[in-house]
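Below, chain A partners chain B and then partners chain C, in two separate complexes.
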Partner chain A sequence: MNSTENTRTEPVERDGRTEQMEIDTSAKWPLLVFFAYAIGWLIVGGALELAAAIQLHTPTFLATCEWFTHGRLAPAAQNALVYGWGFNAAFAVGLWLMARLSATTLRHGGWLFIAAKFWNTGVAFGVLGILAGYSTSFELLEMPRFVVCLLLVSYALVGVWAVTTFSIRNTENVFATQWYLFGAAFWFPWLYAVAQLMLFNAPVRGVLQPVVNAWYVHGLHGLWFVPVALAAAYYLLPKILGKTIAHYYFAPLAFWWLAIATAFAGGSRLIGAPVPVWIPALGTVANFMLVVPVVLIGLNLFGTLSGRYGALNGSVTLRFVLLSMLAFVLGSAANFAFSFPGVAQVAQFTLLSGLRDWLLFYACFSTAMFGAAYFILPRLTGNEWRSPALVKIHLGATVLGVVLLTVGLAWGGWSQGRMLNDATLAFTDVSRAMTFWFTYRTVGLFVLLLGHAAFLVNFAFIACPFNLSGAAPAQINPPPALEVLKA
Partner chain B sequence: MSAEPDQNFRLEQACATDDSIQQVHAQLQKSKPEKKGGYPLLPLGILGLMCTVVFFGSIYLAHNSLRFDPLVYSEQASREKPGAVKVVALTRAQLGKKVYDTTCIACHQATGLGVPGVYPPLAGSEWAQGSEERIIRIVLHGLNGPLKVEGKDYNNVMAPLGGVLKDDQIANALSYVRASWGNSAPEVTPEAVAKVRAATADRKTYWTAAELEQIGQ
Partner chain C sequence: MKNGLVLFFGVFAALALSWAGVLLSASQQLGRLGQFKDPTDDTIYPQPLSGLANQGRLVYQDLGCVTCHTQQVRREGFGADLARKWGQRGSYARDYIRDETVHLGSSRVGPDLRNVGNLELHPGADADYFYKLLYAPTSVAPGSLMPAHAFLFDVHPVAGRQPSASALKLPSRFAPGPGLEVVPTARAQALVAYLTSLKDTYDYPIERSRNAPAAKPKEGGH
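Our next item is the complex of A and B:
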C-alpha cells in the first residue's frame, strides 16, 4: 500500500521527502549515540533511584556499603537521571527537531560524537564522584567540581550546533518549537554557569547561596526541561494530527510570558527559609503570573487535540504527549499551590516537595521524550519498532507509574506534612507511619523501571545494526501539506 | 489511519509536512481570529485573566514584599515600618528579676520566702513593702542583729551590696521584690537610691533594726 502511494506522489513532494531523508541520514549516528546514552542512564539512574527508595523503608538495605549510603545514593540517582537521561534525550530530540524545522542537514556530526562522549564521561565521573563522597551540598549541583568544565565545554559543543543549524536554516518562517529550543539552548548554560560561579568559583555569602541554588533548580526544570517538552509537543501534535495548533496567535505571548516569569519563580522554594522576605514573595507572584502562559499553552495544545481524541487510539506518540501535557498543567499547578505559605508549611520537606520537580522532570519532560523517540527513531534508523507488545508495556507502565506516584506522593506527602507539623508526634513515629507510603513509592518506581527496560529492549532492536532479522524497514508515507481549516 | 491496529505502534505516520507546518503557522501567527459579530470572547477572556493576575500579583507583592527591604527576614514584620524594631517597655520590676536572681536569690530564695528561722522572707514582709528609705539602706550597707519579720524573730547578717550594685540595679531589684509574690508596694527609683547613698556616704558599719526603725517614719 505504502509503496504504491510512494510512486504516485508528485515530484515536489518526493523532493521534500528526499530532503527529509537526507536530514535524517545526517543526524542518524550522532542522535542514536545520544539516545543510547540517554536510555542507558535512564536504566542506571532508575536502578539507583529504586535502591535509594528501598532504603527509606528498609534502612538496612546496602547500609553497610559506604558508597551506597542514602546520602550518596539519592543525589547520585537524581544526577544520573537529570544529567544522564534528561540532557542526552533533550539533545537528541532537540537537535532532530531543529534540523528538521530548519530544513538543513545536521553538519559536523563528528563534533557531536565527541561532545556526547565528553558529556557522558563527565556525568559518569560526576555520579561516581558523588558515590565516592566528593559531592557538594547544593541540590542538582552535587557533582564534584572537576567535571563542571567538562560538562560546560561539551554542552557548548552540542549547543553551538543547535544554534548553527537554526542560523543556516533554509526556511522563511520559524515555528514555536524552534523558539523553545533556541531559548532553552541559551537558558541552560546561563543558569548553570551563573550557579557555578556564584556558588563555587566566587561563592556569595550566607543566605544568598540557597537563593542561587533555588533559582538554579527551578530554572533547570522551568527553562530547560519544560521548554524542550513543549517544543516536542508543539511539533508532534500538528505533525501527527494533520491539524494546525489551535489559537496559535497566543503562542508568542505564552512563550515570552513563560520565559520571563519562570526566571523569577525560584524564590517560592524558600518560603519560611531565613532569606529576605521579598524573595519568596516575588517567587509566589511569579508562580501566580505563570497561570497565564499555562492557560495559553493549554489552549494551544488541548485545543489542537480537542475533537481528535479518537486519534489517540492509533498513536503511541500522541498518548505520551497527552500524558506530558497533563503533567505540565499539573506540575504548574503544584508549583502554584506550593508557593502559598499555608500550603508550603505542610508540603515542605515531605514527599510532596519531591513531587513538584518529579512532575515536571519525569511526568512532563520524560514522557514527551518517549513520545518523540517513538516518532523519531524509525525515521532515523529506517526500521520499524520490532515489538508492539514492548511499546504497549512501556506505555502502560509509564501511565500506571505516573498515576500511582502522583496520587500516592500527593496523598502520602500531605499526611506526612500534617504529622511533621504535629508537635505531639515524635519523629520516629512519623517515619514509622510513613513506611507504607515509602514502600508504595518503591513499587511505583519499579513499575516505571519495568517500562524503561521494555523501551531499552525495543531500542536495541531498532538501533543495533547487527540485529535486523525482526525489524521491518520503515515505509514512511509522504505526508500531505497542512492547510488552514476554514471554520 | 491504519488498517492493522498495531501498525502505528510499529511506525508513526506523519500527517503534515514540516515546511507546510511552518508556513501555515506563520500565517496563523499574524492573523487574528475572525470576528463573527461582536467581540471575540476568548481574547477578551485572556485579557481579563492577564489583568487579574497582574492586579492580584501587585497586591500580594505590596502586602508581602515588605518594601523589598534586604534586611527583613521575618514574614511577620510590620508592613508600615519593616526595618523598625518594636520597643517593648519593661517595668523596673521586670528588669530587677535578673539582679534578684543573681544576687538575692541565694538567701531569700526564688519564692521570696527565705529560709525559716535563718533568712527572713520578703514575700508579704512588712519591711520589704514598708519605707523605701530603710530597705535601700539595708541593701547599701547590710544589716546585722535581731530582726522581727511577720511576727518571727531572726538573728543573722546581710552583707552590704552598695559597692557591688549600681543605683539602678538596686532600684530594679527592690522594685521586683516590692511587686512580686503578692507584694504590692510602689517601685523604687534610682534617684531615691542615689539620694540615700549620698546621705549615708559616711556610714561604714552595718545597720541594725533598731536604728532603721528611727528612719522613714
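Our next item is the complex of A and C:
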C-alpha cells in the first residue's frame, strides 16, 4: 500500500471506527446481560453435570434425594448447558456479529432485556421442572411443556432482532458469517416448533417419536450450534489476521451443501433401531455427502490461518477458534464414522455416542463462543481483561479438558462397546470395568469447570461498571485493519 | 449472495425438504401401523398396557430411566443383544404402537429393558425382584452401578399395627433396621407393573423377515 492510497483511506477508516463504537455502545447492555446469563448457566450446568458424572461411579452420591436422582440430574444438567449457556452465548455473539457486519446499531435494545429475562425464566423453570419430575424424557426436549411457549416467544424476540438488524443493513456485501447466523436464526425455531408439535401437541405414534427426536437433536447441533460457531470463526479469523478468507469462492457452496446435508443426516442416529431401514440409510448418505462441505470449510478456515500460525501466540481468541475448528472437523468425522454399521454396532449406546454430540456442542461451539467473548467483551465495555493468569487458566483448562475427554471417552467408549457386545462377559463385569472411565470423565469435567470459574471471575471484573483498572490484553497486538476489497 | 429473500427461501427450503423427506414420509409409511390379529388364537398384538402399567410408564418417564437404559433389541448379527438375553428377537416397529410415548434410549450404562419382564428370559424377574432392585439394587444385583430409589418406598415402624402384606423381604444387610418395614408407594407399584409388562413375546409372522439377516447376493446373479 503506497502513501497516497493510505491517506485516501484514512478518513474512511476513522469513520469506520466511530461507527463501530456507536454499534458497540448500542449493544453494550443487552449483550452484557446475555453474557452474564450464559456464564451463570455455564457454572450451574457444569456443577450439575459434574454431580451427575460422580453418580455414575459412586451411585450413592445424592441418591436419597428424589430431585437429584441420576435420571433427573443428568438431563437437567444437559438442558441447563444447552439452553442456558449455549443459547445465551449464541444470542450475545450472534447479535454482535450481525450488528457489526450489517454496520447498523442494535435499536430498541430494551426489548432484548425483556427477551433475556423471559428466556432465562423459561430455562430456569424448565430445569427445575425436570428435577421436580415433570420431564418428558425426550432427549433435549425434556423440559416440561409449560415452558415451551415462553421459550418460543422470547426466542422470537431475539430472532426478530437478528433478522431486522440484517434487513436494515447498511452494507452492499453480505458476508459468510451473516448467512450462517441468518440460517440458524430461522432453523432453530422451526426445528423446535416442529418437534414440539409432532411429539406433544399432535403426537405421532410408535417409533416415529424417536425419529422426530433424532431429527431435532441432530438439527439442533448441526443447524444451530455449528452454524453459530462457524459464523464466529469466519468473522474472527480474517479480523485478527488482517487478511481475507482463503478460497472464499467456496464458501457459498459449502454453506448450502452443509445446510441441506445436515438437515437430512438425523436418521443416522437410528442405525439398528426398529425403524424402517431407509431412515438410517438416508442419514448415512447425508453424512457421506457432508465430507465435501467440511473439506471446503476447512480450506476456507485453515487456508486463512496457514502461514500465520505465529499469530496464535498473540491472541487468546485465535487459539480458542483454532480449537473450535479442529473440533468441528473431528465432530464431523465422528458423525461420518458412526454411519458405518461396523462402527455403530460397537460405538452406539456407549460413552462414544455422547462424545460425538459433545464434540460439536462443547468442543466446537462453546470454545468458539469463548474465543468470541475474549474478542467482543473488551470492545463492548472499553475495559481490558483484569487478570492474564485467569485467561491462561481458562484457556489451559479448556484445552486440557477437551483433549482429556476426547481421548478418554473415545477409548473408554470403544472398550465399553466391545464389552457390551461380548455376551460371555456379565453385565456387572462391564459396569465394574467402566468405573475407571466414569471416574476419568469426572476428572475431565472438573478440569473444564475450573476453567469456567476462571472465566466467570474475569468476566465479573470486565463487566463491572466500577472497575477501571483492568490490565490484561487478550489481544497482545491490536488487530490490523481489514484490507478493503476493491470491487 | 446479496439478496436476503433468496437466502430466506434457501434456508426455508433446506429444512422444509428434510421435514417432508424424513418426518412426513416416515409418518405416511408408519402412521397407520395397526395391531395384528393372530389367525390361530384370534388375539390382537401387541396387547395394550394395563392402566397401572401405563401410570408406571409415566413414573419411568419422570425418573428419567431412559438416561441409562435403552428399550430396543438389535437384530441378530448386529451387537450381542440376543446373546445377552435382552430379547428373543429383534424389536419391530409394531411392538411400540402400544406405548403412548416411546423411549428407545441412547445409552446403555444399564442393560436394555425392552424384555425385562419376560420370565422366560429372566426367570427370577418377578415384581418382588424389581421392588428389591429399586430399593437396594445391590441386594439382588451385586456390583450394579444403579442408584437406589429408596424414595419410592415408605419406611415405617411395624410396632402397634398389622405388618403390611406388601412389605419387602430384605436381607438384614439391606433392611432399614429392626422393627421397621419397607412398603412400596403407589408410584413404585405402578413402575413395577410397567417393568413387568415389558416383554415382546409374540413374533409377528408378517414381520419375521425383517429380523432375518440380509440374504447374501448370489454369485453372478443380478
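To be clear about the criterion, the second predicted complex is superposed on the first by the 456 of 487 C-alpha atoms of A that agree within 3 Å, B and C clash if a C-alpha of one lies under 4 Å from a C-alpha of the other, contacts with A are read in each partner's own complex, and residues count from 1 in each chain.
The working rule: contacts are C-beta pairs under 8 Å (C-beta built on N, C-alpha and C of every residue); 3 or more make two chains touch, one makes a residue touch a chain.
None of the values given here were measured: they were computed from a predicted structure.
Report for A:V275: first if it touches chain B alone, second if chain C alone, otherwise both or neither.
Touch partners of A:V275: chain B and chain C.
In the overlaid three-chain picture, which partner chain does A:F461 touch, first (chain B) or second (chain C), both, or neither?
So A:F461 meets neither chain B nor chain C here.
Does the superposition put A:W358 against chain B (first), chain C (second), both, or neither?
Touch status of A:W358: no partner.
Mind working out whether A:G206 is in touch with chain B, chain C, both or neither, as first, second, both or neither?
Only chain C is touched by A:G206; chain B is not.
Could you say whether A:L191 touches chain B, chain C, both of them, or neither, answering first, second, both or neither?
A:L191 contacts chain C only, not chain B.
Output check: A:P238 vs chain B and chain C. Expected answer is one of first, second, both, neither. What do you get?
first
Please indicate which partner A:S431 is in contact with in the superposed arrangement: first for chain B, second for chain C, both, or neither.
Only chain C is touched by A:S431; chain B is not.
Give one of first, second, both or neither to describe whether A:E172 is in contact with chain B, with chain C, with both, or with none.
In the superposition, A:E172 contacts both chain B and chain C.
Applying the touch criterion given at the start, work out whether A:F250 contacts chain B, chain C, both or neither, answering first, second, both or neither.
first
Common interface residues of chain A with chain B and chain C?
172-174, 207, 252, 272, 274-276, 282, 341
Where on chain A is chain B touching in the complex?
My answer: residues 1, 13, 16, 20, 100-101, 103, 171-176, 207, 235, 238-245, 247-252, 272, 274-278, 281-282, 284-285, 288-289, 291-292, 295-296, 299, 311, 314-317, 341, 374-375, 378, 384-386, 388, 391-392, 472, 474-484, 487.
Can you list the residues on chain A that touch chain C in the complex?
For chain A paired with chain C, touching residues are 55-57, 59-60, 63-66, 69-72, 74-75, 130, 133-139, 142, 166-167, 172-174, 179, 182-183, 186-187, 190-191, 194, 198, 203-212, 215, 219, 223, 252, 256, 259-260, 263-264, 266-267, 269-270, 272-276, 279, 282, 341, 345, 348-350, 353-354, 420-423, 427-429, 431-432, 434-435, 438.
If we count contacts the way the header does, which residues on chain B are in touch with chain A in the complex?
It is residues 1-3, 5-6, 8-34, 42, 46, 49-50, 53-54, 56-57, 60-61, 64-75, 77 of chain B that touch chain A.
Would you tell me which residues of chain C are touching chain A in their complex?
For this pair, the touching residues of chain C are 1-2, 4, 7-8, 10-12, 14-15, 17-19, 21-23, 26-27, 29-31, 33, 60-68, 70, 72, 74-75, 78-80, 83-84, 90-97, 99-109, 111, 137, 141-151.
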